[in-house]
Amino acid sequence: MKILVVLRALQDPAGITVNRKAQKVFVNRPQWVFNPSDRNALEAALRLGGDIVVAAVGGAAAEQVLRDARAMGAGRALLLRDQALADADAFGLANALKAVVHHLGGVDLVLCGSQVLDADLAQVGPRLAQALDWPFAANAHAVQAADGEVALITSRRGEWRQAALTLPAVVAVAPDSNKPRLPAGQQIINVYTDPGAVETLTAADLGLSEAELQPLTEPRGQSFPAERELGRRLDGDIAGQLADILRKA
Amino acid sequence: MDFTFSPHHIALRRMLREFCEEELRPRAKRLDQTGQPDREVLRQMGELGLFGVPFSQKYGGMGAGETGYCILMEELNRVCPSTATIIGAHIGIGAMSLYLDGSEALKQKYLPAICAGRHIAAFGLTEPNAGSDAAGIQLRAVPEGDSYYLDGQKMWITNGPIADVVMVLAVTDPALGARGGATVFAVETKWDGFSVGKPEKKMGLHGSPTSLLNFDGVRVPKENVVGQLGLGFVTFMKTLDIGRVSLGAATLGGAQAALETALRWVKVRSQFGRAIAQLQSIQFMLADMATDVEALRSLVYRTAWLVDNGQPFIKEAGMCKLLGSEIASRCIDRALQIHGALGLSRDFHLERGWRDARIAEIFEGTNEIQRIVIASELLQEVGVRIRP
Amino acid sequence: MDMDALSHLMGEDLSAANYADIWVAVPSAGALPLVGEARRLADSLGCYVHAVVGSADTADQAIAVGADRVHVAAVPGLFLAAQTPEFAFYPVDRWHQAARAAQQHKAGLITDARSLQIDESTRALLGSHPVYGGEYFVDVAVTSPAKFATLDPRFLPEPYADPGRSGEVVPNEYVAPPPPLQDRGPADFAPQAWRPLQKARRIVAVGRGLKDEAGLALARQLAEKLGAELGGDRSAQDLGWIGEDQVVGVTGQEVAPDLYVALGIRGDTIHNAAIVRAKHVIAVHANPAAPILDVADEAVVGEPQEVLTQLLTRLA
């Protein structure tokens, strides 16, 4: 079975402080980590076994998670490094990954995480499925593959259900749906001292056109929630207010 | 000069940090309370290759060098000194003597299982009557045919109760004494005549089993001589020299943990209407702690660099151990003071750290011995030989 | 399916000029607030609001809250994808339908969009997307001819229902294709709780202010209702209500949940220092001077058992 796992790197949430008053994000401790549910996707792939290829778009951060993925057991790592790709939004990224799937040939299953912590990119999974005209499932637990199908467990209207998709398919894995393995030390040393452990591809290598990568959205900065007002005493219809707050939490 | 760690060492540290936080930290309190090694966590460590970090991949090791090993010891000791000590005795001095001076055949025989963590190693030097005066050992190895028969005792041996193979220094020629009269043997603990005493009850490192080793006519085949017959002291001194570097790294981990703990507390603890971080007395303590930690960090990793780059390192290694053990005790003590009564609570990890740190000034060569080693190297550089 | 194929299928040229109006997918009544939001935006733009509802029962409500045209389709999200919306809103739980449709229409999409606005001169869709669990937001403008967003009804105002408003139900012959995700029945499944308290996203924490086992039972009910882990302070451990691994405190577990509800916990430094990274703290305690109240986002002075009883009724 040939599986492509899409990985994203982001700044470690534990190293960030958000100052709502100053309306600024401070990075106290710069450190790249896997987007958490992508790590669950990689673990799910490793448990399925077969030919596992990992891909990520970006620069040094993406390269780091790709190397860690190789050290965890992925057989091949593709770094998509290109200014056009760096500027692309979810639409372009989906097209780029479609090109990767075609470039690899014979991909049965694409796995990715169901959430992306630092950007509006969880949508890349279903967009990719649309671009490939493959079925898609989100928030999957207990992913298994057999007989041309991928079986999974997912929650539907508060109930856990067994479900299946015909392969080839795109599946977004639920956060915390498994305990990702740690890479063994020997693998870390070997992968990090082997320059060939990660292959680099550009948009041109993948035959991507400008139209496929054009951004359809523009970033317009950051905004911040209101400052936390600690110690606010509730009065009046307390139960009602609490119920309201908890429903939104 | 490039002071950055190599990418593979950074990646290794990242993996170790996660392992220690996820797997070791939740178990550290229980390990200290029960004194039982946690087989599950040791198994996981074996799978990650943590039992052979500095050794060549040719023998099943990780191939991460002395720098990688120091990173391991720093990260482990930052969270669980008991576990770090098991590893330290296993890799740093036990297996290390075999790695430095063992024959190829002997290395191939024992190192793969040692590196996988299937066999635990220990270092058998100290005896009831021979501590700093290592030359005073009395364990006797009498040759007979193609074997040696070992009789005597070793004491205060870390990993004693759980070891599978012990590197033992025994007297092969009483007339020659330390110079030419002692030999290192690789002894399998399952052999007849070998037994261990009850685990010692210590102030700290409760999760690191230590005991007496009894040798009652243990037959050791002559192939199990490590290094050269009669030159056992040289092997063991070399082992202790290099062992000091990673021990310094371990003490760095302990000091680092104390600093981190103190920094977290001073933010949230308020007295006299403000966070105690605003009090100068606290700020001065923190500044001193941080300065000590930084100095030790530079010393340890520079010395690791010397080792990995084939440069002389004996003096610096002694400094790592001497400075590290004293800095760690000092930092942990300051952190305890900063926490006030909470520092003494057995529910909190500081008092355990305080108890666990004390040994560093004593084992693997007391700090007095370290001072002799450093002075000896120093004076040699100006042409003076110290007469012991 | 790409634009050319869709264009061919619909028998028309899908150029930018053909994208019109605000369309809303309403798979259930829970998504009606999206129609209200669409109405608000449509009024400034002067365009129609189309609601696609899953059953005819919802049609009248959709009109009352602002839809000009209502379409009934078994799978509203798929029906909507086959149209040419200038703006398309889906509820957040149909995010993958929205994303597929957006890719199909070469459209930008903001998921879990907050503070939605439309720029009247450029007709760009402006919104904010929460990142790092809502620590802050990235602001985005969608500039493609078709503009998609998913919205969380919980963060939208209750729409104003005017029974006198008129609108028409537009018949259609659309037949939804069979769902690719084949349901194979109920699963006997519980997600693994292998992560300790310190990784929990929601915690209900108990303290001796809950008074007795009855109070503890109420707290457990709340925890179950919220899908939260149970924790507590040291007094709760002393009372035998929680085990050592559930104690929140610097001598126990440091926690960083999205939601921390402290019931009957007085909140000394040892406890409070361990919840500094909790994103949202709610505390209930009978003593108005309890330190926990000053570190909570919402603080309630009252008997925890009483407050809990009333709260559980309201949450049911």
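Every chain is named by a letter (A, B and C) in the order it is written, and numbering of its residues begins at 1.
In this text, contacts are C-beta pairs under 8 Å (C-beta built on N, C-alpha and C of every residue); 3 or more make two chains touch, one makes a residue touch a chain.
The model shown is predicted, which means the values in this text are computed figures rather than measured ones.
J.: Looking across all chain pairs, point out the one with the most C-beta pairs in contact.
T.: A-C
J.: Of the chains shown, whose Cα mean is nearest the mean of all protein Cα atoms?
T.: A
J.: Using Cα averages as centroids, what's the distance between chain B and chain C in whole Å?
T.: 53
J.: Can you compute the centre-to-centre distance for chain A and chain C, using the mean CA position of each chain? Integer Å is fine.
T.: 21
J.: When the C-alpha atoms of chain A and chain B are each averaged to a single point, how far apart are the two points in Å?
T.: It comes to 41 Å between the two C-alpha centres.
J.: Quick one: which bits of chain B touch chain C in the complex? Just the residue numbers, please.
T.: 26, 264-265, 267-270, 342, 345, 347-348
J.: Of all residues in chain C, which touch chain B in the complex?
T.: By the definition above, chain C touches chain B via 196, 245, 250-252, 269-270, 272-273, 276.
J.: Of all residues in chain C, which touch chain A in the complex?
T.: Those residues of chain C that touch chain A are 1, 95-104, 106-111, 115, 124, 126, 128-129, 131-144, 154-155, 180-192, 194-195, 202, 226, 258-259, 280-282, 293-302, 307, 310-311, 313-315.
J.: If we count contacts the way the header does, which residues on chain B are in touch with chain A in the complex?
T.: Result: residues 6-8, 11-12, 14-15, 18-19, 47-50, 53, 57, 62-64, 68 of chain B touch chain A.
J.: Of all residues in chain A, which touch chain B in the complex?
T.: 31, 64, 67-68, 71, 182-186, 188-193
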